[in-house]
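Chain IDs A, B, C, D, E and F follow the sequence of writing; residue 1 opens each chain.
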Amino acid sequence: MFYHDSKLQYKVRVEKPNPAFANMLQQAIGGIEGEIRVCLQYLFQAWGSRGPKKYRDMLMETGTEEISHIEMLATAVALNLEGAPVSLQEEMAKDKVIGAVMGGMNPRHVLSSGLAAMAVDSNGVPFNGSWVVGSGNLAADMYANVMAESTGRLLATRLWEATDDPGMKDMLSFLIARDTMHQNQWLAVLEDLGGLKGVHPIPNSFPQAKENHDYNYAFVSTKVNDEDGSIEEMRNARWSSGKSMDGKGEFSFNLGLPQGDLPELAPPDPRGHAQVEQMNGQAGIMNKIKHKF
Amino acid sequence: MFYHDSKLQYKVRVEKPNPAFANMLQQAIGGIEGEIRVCLQYLFQAWGSRGPKKYRDMLMETGTEEISHIEMLATAVALNLEGAPVSLQEEMAKDKVIGAVMGGMNPRHVLSSGLAAMAVDSNGVPFNGSWVVGSGNLAADMYANVMAESTGRLLATRLWEATDDPGMKDMLSFLIARDTMHQNQWLAVLEDLGGLKGVHPIPNSFPQAKENHDYNYAFVSTKVNDEDGSIEEMRNARWSSGKSMDGKGEFSFNLGLPQGDLPELAPPDPRGHAQVEQMNGQAGIMNKIKHKF
Amino acid sequence: MFYHDSKLQYKVRVEKPNPAFANMLQQAIGGIEGEIRVCLQYLFQAWGSRGPKKYRDMLMETGTEEISHIEMLATAVALNLEGAPVSLQEEMAKDKVIGAVMGGMNPRHVLSSGLAAMAVDSNGVPFNGSWVVGSGNLAADMYANVMAESTGRLLATRLWEATDDPGMKDMLSFLIARDTMHQNQWLAVLEDLGGLKGVHPIPNSFPQAKENHDYNYAFVSTKVNDEDGSIEEMRNARWSSGKSMDGKGEFSFNLGLPQGDLPELAPPDPRGHAQVEQMNGQAGIMNKIKHKF
Amino acid sequence: MFYHDSKLQYKVRVEKPNPAFANMLQQAIGGIEGEIRVCLQYLFQAWGSRGPKKYRDMLMETGTEEISHIEMLATAVALNLEGAPVSLQEEMAKDKVIGAVMGGMNPRHVLSSGLAAMAVDSNGVPFNGSWVVGSGNLAADMYANVMAESTGRLLATRLWEATDDPGMKDMLSFLIARDTMHQNQWLAVLEDLGGLKGVHPIPNSFPQAKENHDYNYAFVSTKVNDEDGSIEEMRNARWSSGKSMDGKGEFSFNLGLPQGDLPELAPPDPRGHAQVEQMNGQAGIMNKIKHKF
Amino acid sequence: MFYHDSKLQYKVRVEKPNPAFANMLQQAIGGIEGEIRVCLQYLFQAWGSRGPKKYRDMLMETGTEEISHIEMLATAVALNLEGAPVSLQEEMAKDKVIGAVMGGMNPRHVLSSGLAAMAVDSNGVPFNGSWVVGSGNLAADMYANVMAESTGRLLATRLWEATDDPGMKDMLSFLIARDTMHQNQWLAVLEDLGGLKGVHPIPNSFPQAKENHDYNYAFVSTKVNDEDGSIEEMRNARWSSGKSMDGKGEFSFNLGLPQGDLPELAPPDPRGHAQVEQMNGQAGIMNKIKHKF
Amino acid sequence: MFYHDSKLQYKVRVEKPNPAFANMLQQAIGGIEGEIRVCLQYLFQAWGSRGPKKYRDMLMETGTEEISHIEMLATAVALNLEGAPVSLQEEMAKDKVIGAVMGGMNPRHVLSSGLAAMAVDSNGVPFNGSWVVGSGNLAADMYANVMAESTGRLLATRLWEATDDPGMKDMLSFLIARDTMHQNQWLAVLEDLGGLKGVHPIPNSFPQAKENHDYNYAFVSTKVNDEDGSIEEMRNARWSSGKSMDGKGEFSFNLGLPQGDLPELAPPDPRGHAQVEQMNGQAGIMNKIKHKF
């Protein structure tokens, strides 16, 4: 069950509202690198958590924290939109700063939300539930989380570069710090689970005896016409020789060649109405279909 | 530039076509864990690669390999659809195996593609370009790639469990092996880039001096009413005490409390046509708007 | 800021897991009538709230409650998936109950989430942020909320009919009750704002003098060939005569006829490369373009 | 069956084309508040209408009218795009008005549609069929319709503020008037169906005896740390005391506390390939799975 | 402006309702091959039509007809859903025919629409406005229309095969006939516009002198390892030799080789926060950036 | 199986980077008219190809070539983004050229991709797999391909007009040339398959005897109030009289009139919880439901 405090987790102030920056901040709310994604991701992972209880507990702690981050950013968007130009009257467009601002604004901040944040990214593309990854495998999920916090911190540092508003820089320095922590936190779970050698290959519950042993530690090169000589570097790279990272194999280098045949499909089922020409000259077409329902 | 060989990278055979399994295989083609995603992800990362050339080269090698995997899976889907029921005539539905198959099929395999693979997942949801992550930061991208290969290998092992067709199991044992390799490969790049301590926090080019130092290594607990006593476990967990994973801080434990204020937004801009009641009693409404364009 | 309690808002128990019902429950999580939508909708409305503070406070209260509902439903999905069939082996499909279950399952519950809830609806279509309505106008938002709770309660009653599991029926009777309350709650705000006559037409801050007075209370009929005589009923219906609902006009009946002209567009801009035939015979094409940048 | 007249329902003229305003108008065509949505929504409600015929008839009347509104807006977009800048040549960007216009334009109006309207919103996000609500319950649908016309009229008034073109203002004054009527029209149906007390809770066909009676008229507060004292106001608000809006209950105030337990899920199914660590120490894992298929 | 008649364009009757077929019919309503798409496509093409008026007129005629087709199909869906199973009670699933039907149903037909059609395809994926093609070039649009009517007629014939209900077969024989006509109709426009030689290459208003003359009629082969000898057949195929279809060139055969260089991007902009390792050893990084804002 | 060469198919150079043009180029990468679409479309058509092998071979050749075009365009985007403004600092916005550029940029090029191409269109809308058409009918697919190359070439000519960078114009002249060839190539297949008269109506394998003969070559007019007299022109147009394009019928002109009845649906199923008023006065409601499961 969930509760709220009317105060914010961290202070949000905007000295000089900037509607174009409001639009940029949307990326950190409704974008694939944003806070709605990590919030739902950690919560769904917690709610579906099977196995040792401490991981569910931890995911709940941080999933809940992320709601507070959405709240901070939504507040920042609303504050940046105050006083935004809401019309296209020419006297406004003639002011060059405003002109630039208007070009960088999201028109839906005026038209749809009444100068408030929305569940969209900085292109106005709506948040998409497909981004919420919870696989049922804890290690895979931890990598999804490290990845989310890495692209999330990267986004936050770019927003930090894009603004010179001291309030916004301060808020971002808090969010950047939290992302530092969260990267470390999910990595700590991976250590807890055994580190590289214990964790990989993910899932570690599938018997490796059943995977193809000619290809499980081979770097496959697909390059032709090696005029710039890069294949030699590939052949000697860390990923083509030496012990594998999971300690369970030896890297090798493999010049890619097809091991399969020409694919051959049966002729079309007549009831699927391909063109006649696709069926011509193929007597007994249905006989060739291997499995008959 | 790209070339093709008419043969497949690895053999694909289906002993007993199963249209419901064809549908499941779509997850590995057009799903978020699937091959179109990794293919485009590695290629876009390569095409936008800035910095040492060897990383671009490697990404090109493997991005190209993944096209071959889409091809293998698309062929497997088409083979599994041969002889599929294409009508709802009752005599068919009466057969219980067929009934189950029909329930598990994607009707668009009959209606839209003529018994062939499509660029959709196992729910028929189309592939979405937002899943293609290329951030411009090599380490963030490598985590995106480890994550993709982890959920990808997990998916492949689940498909392996779902089928008893020897041909399909053989094909999947190859794909599972490649995912083993690719997990190791991206991890090798992370080692190349300095390992946990060199790489984190991502991006490592943002000066940590500028992040908030009260919160960058603190586990924030958001729990109230600790009846099951789990907070104690949280307080002592790997992620709440000891050296941080990146070696740059000391984990601490923080009982979450708001540091911010009650958020306060200006009244609505009259031209945004909120209800009158939202503006009542607010004389000089526009004067309160801090920044005037 | 937000907090959580590890316990659920209301008990969730499943006596007889049913993976097809798990799939149906997804509609109440990630569907347009579902809980992620209302949760984000009320929270975003609160975060962007401008005007009297009590409305923000109330929206925060209920938005936070809805997170607890997502949690309950996600737990219900996971419990309904326990023991679900994870393969297509024939001995399973031959059992007719299992066959039906498999047909009704979401294959991604096996393949993608490892038997846990996802942020998708009962067709596997991901939650979409465009459904989160917050307009900046409190009355419009209240209608969006009444509508969400109406389709939400409708969905919950249909789920109640679809299951005979006593645990699920009990959980749904709680959620149905909450929807009853929430319908009443948003209606109470509309009363607070002045009721039908005070609130409409929304937005009530736009001067009605500026809307077209020939058409603002006229029912426009678009019907031709009235063989079934329904136009007469339309002419006398509540919406075609008598005082308007907002008390600001008199309903009338209008047989629709065009008041506008044939639309006439300028010929194509040559640099837009329409076919030559679209431009033929149109000397001085650019001269006709009215406004020149 | 449907027919058309080549003339427009109402006149559409543009005195000074403005491509940035053309983009804004797209919100009223392909946006969630727009005309494609209401058009399809009313028509689908009509086509699926079960019960008294007069409601189907009315929905058909107005659904058909909305096609005419899409037509008017599409014409307005095309007229606003005439003479739009179609290149990025510097001499153009140097003109500040054009610069602002270019920033506010949708590049796809140049690249994809050849200066014509598209089925997208003002961010270029395509119209989405999920917005078309028809629930099979007439009262729920009416609220969906009131909501659509409320956000629709709000959008139209904001567009009215954004332009100073007399032709556009005149067209919008017509559309605003129609939205006034349509709000009233759907409210008239709700009155026809019994008003607040007859209609609610929606659906009124579900026996209220079967909903949870501890929670169906209780305002649940989720607030902690009430430093600003707002809980007191909540406790006395219209939604926490007095007769409920539907006249079927008495509002009460409830300090939210969990009534449920700690959720407990079974360990992972081994064939779902969680990490081994999620299964460790859990002897007889499969025995714990409650329901066995 | 638009009007309606309460009767259907063609009779719709269902002798034996089948909810699985109702689901299949959704493909013809909300699918990419379906009627909403062609309806909006022809109407948007009409509304944006620039050039000779007769093409706008014709597009209006047929765009309007397509609304009537959506209506017919929506009616057919509702009729096929009558009596559909609305619960998962076991006694139902035990009947094998019902079991199959339930597997093939869209659960949202029960949960969301109350046994009525929705604006989605047969996977429940919502209609998407991006499918509505109107390019501003009449010939390109005519090909989009021929394509839509070709996949549309194909879909209709597959639906015809999937049902044995005489009412549904009759309705489909009408829709198949209309698709025959519409294929011919758009082809007639292409003839009107000059046929293959007059129309191509589309757009015919771009001066061919400005396209690259080494590649505009050359078939480029990307094949390596020609073990099956297919390149020889390619070299002699209709598309590799002889007059081009547009009569403006001579087909040739070209063994694909790169004409470009190794791509070389500048090092990352430091403010974009790539990893330090991507910037190491690159003194004067900003100097290398060619264009400085 | 697939291979790559590190060099580009054709040279890509940018003399003067322009981030707004980078955004426009995205339409040719991830837009519906773009290269990811044709690439996947031709490859999926090849992989699902049933019938004469030469068509599969040809589709593979060209599908592979299209990957090279994505690569070229992605490189062009990255080069156009070099030196792009990455912040909103005022001194930048004050420069009017930069202001215009910032308005035309995609902020995600700064925030998400680190100045590299993404799998999105010029509105930032992600590539969508639904655009990948492969129907199983070769002729329908060829029209989908001609259509794709027609809108693709149209887009390329518009991009050519939008830039004055000689490098970009050169690259586009190559891509325009390839589109010329590909239009011709797919038309050559249609000739190979029998031309208009052999190919249509698509699918040609459905016996025309089974389509409705009153409507298969009739132009249906839906116009009322013919004040501008255009019906006469319609009546005599190429599509209303004379031999049909497929040579299998005679065009005729038909003034549209309904041939169907008023649609009549059964009352709502009570378990679907329509409002009581939808069921009132309908004794024995369930008896009316025609088919009982």
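Throughout what follows, a contact is a pair of C-beta atoms (placed from the backbone, for glycine too) under 8 Å apart; a residue touches a chain by one contact, two chains touch by 3 or more.
These are the chains along with the protein names UniProt gives them: A, B, C, D, E, F = Manganese catalase family protein.
Here the structure is a predicted model, which means the values were calculated and not measured.
Where touching is counted per the definition, the chains common to chain A and chain F are B, C, D, E.
Residues touching across the chain A and chain E pair largely coincide in numbering: over half of the numbers involved belong to both copies. For the pairs C-D and B-E, the count of C-beta pairs in contact is higher at C-D.
Each chain gets one centre point, the mean of its Cα atoms, and the points for chain B and chain D are 29 Å apart. Looking at chain F, one finds that residues 1-9, 32, 47-48, 50, 57, 60-61, 64-65, 68, 71, 75, 78, 86-87, 96, 98-104, 110, 112, 114-115, 120, 123-126, 128, 130-131, 135-137, 139, 151, 154, 157-158, 161, 202-203, 206, 222-225, 228, 230, 256, 258, 260, 262-263, 265-266, 268, 271-274 touch two or more other chains. If each chain is drawn as a node and touching chains are joined, the picture has every node linked to every other. Of all the residues in chain C, the ones that touch chain E in their complex are 18, 20-21, 23-24, 27, 31-33, 96-97, 99-104, 121-125, 151, 154-155, 158-159, 161-164, 222-225, 227-228, 230, 256-258, 260, 263, 265-268, 270, 272-279. Every residue of chain A that touches chain E in the complex is listed here, in rising order: 154, 157-158, 161, 224-225, 228, 258, 262, 271-273. Residues 1-7, 47-52, 86-90, 93-94, 96, 98-100, 102-104, 106-108, 110-112, 114, 120, 123-126, 136-139, 193-194, 199, 202-206 of chain C touch chain B in their complex.
Residues of chain F touching chain E in their complex: 3, 5-12, 16-17, 32, 53-54, 57-58, 60-62, 64-65, 68, 71-72, 75, 78-79, 82-87, 92, 95, 98, 101, 110, 114-115, 125, 128, 130-131, 133, 135-137, 139-140, 143-144, 146-147, 150-151, 153-154, 157, 160, 173-174, 176-181, 183-185, 187-189, 191-192, 196, 200-203, 206, 208, 210-224, 230, 233-234, 237-239, 244-246, 249, 251, 256, 258-263, 265-266, 268-269, 271-274, 289-293. The touching residues of chain F, when paired with chain B in their complex, are 1-9, 30, 36, 40, 43-44, 47-48, 50, 57, 60-61, 64-65, 67-68, 70-71, 74-75, 78, 112-120, 126-132, 134-137.
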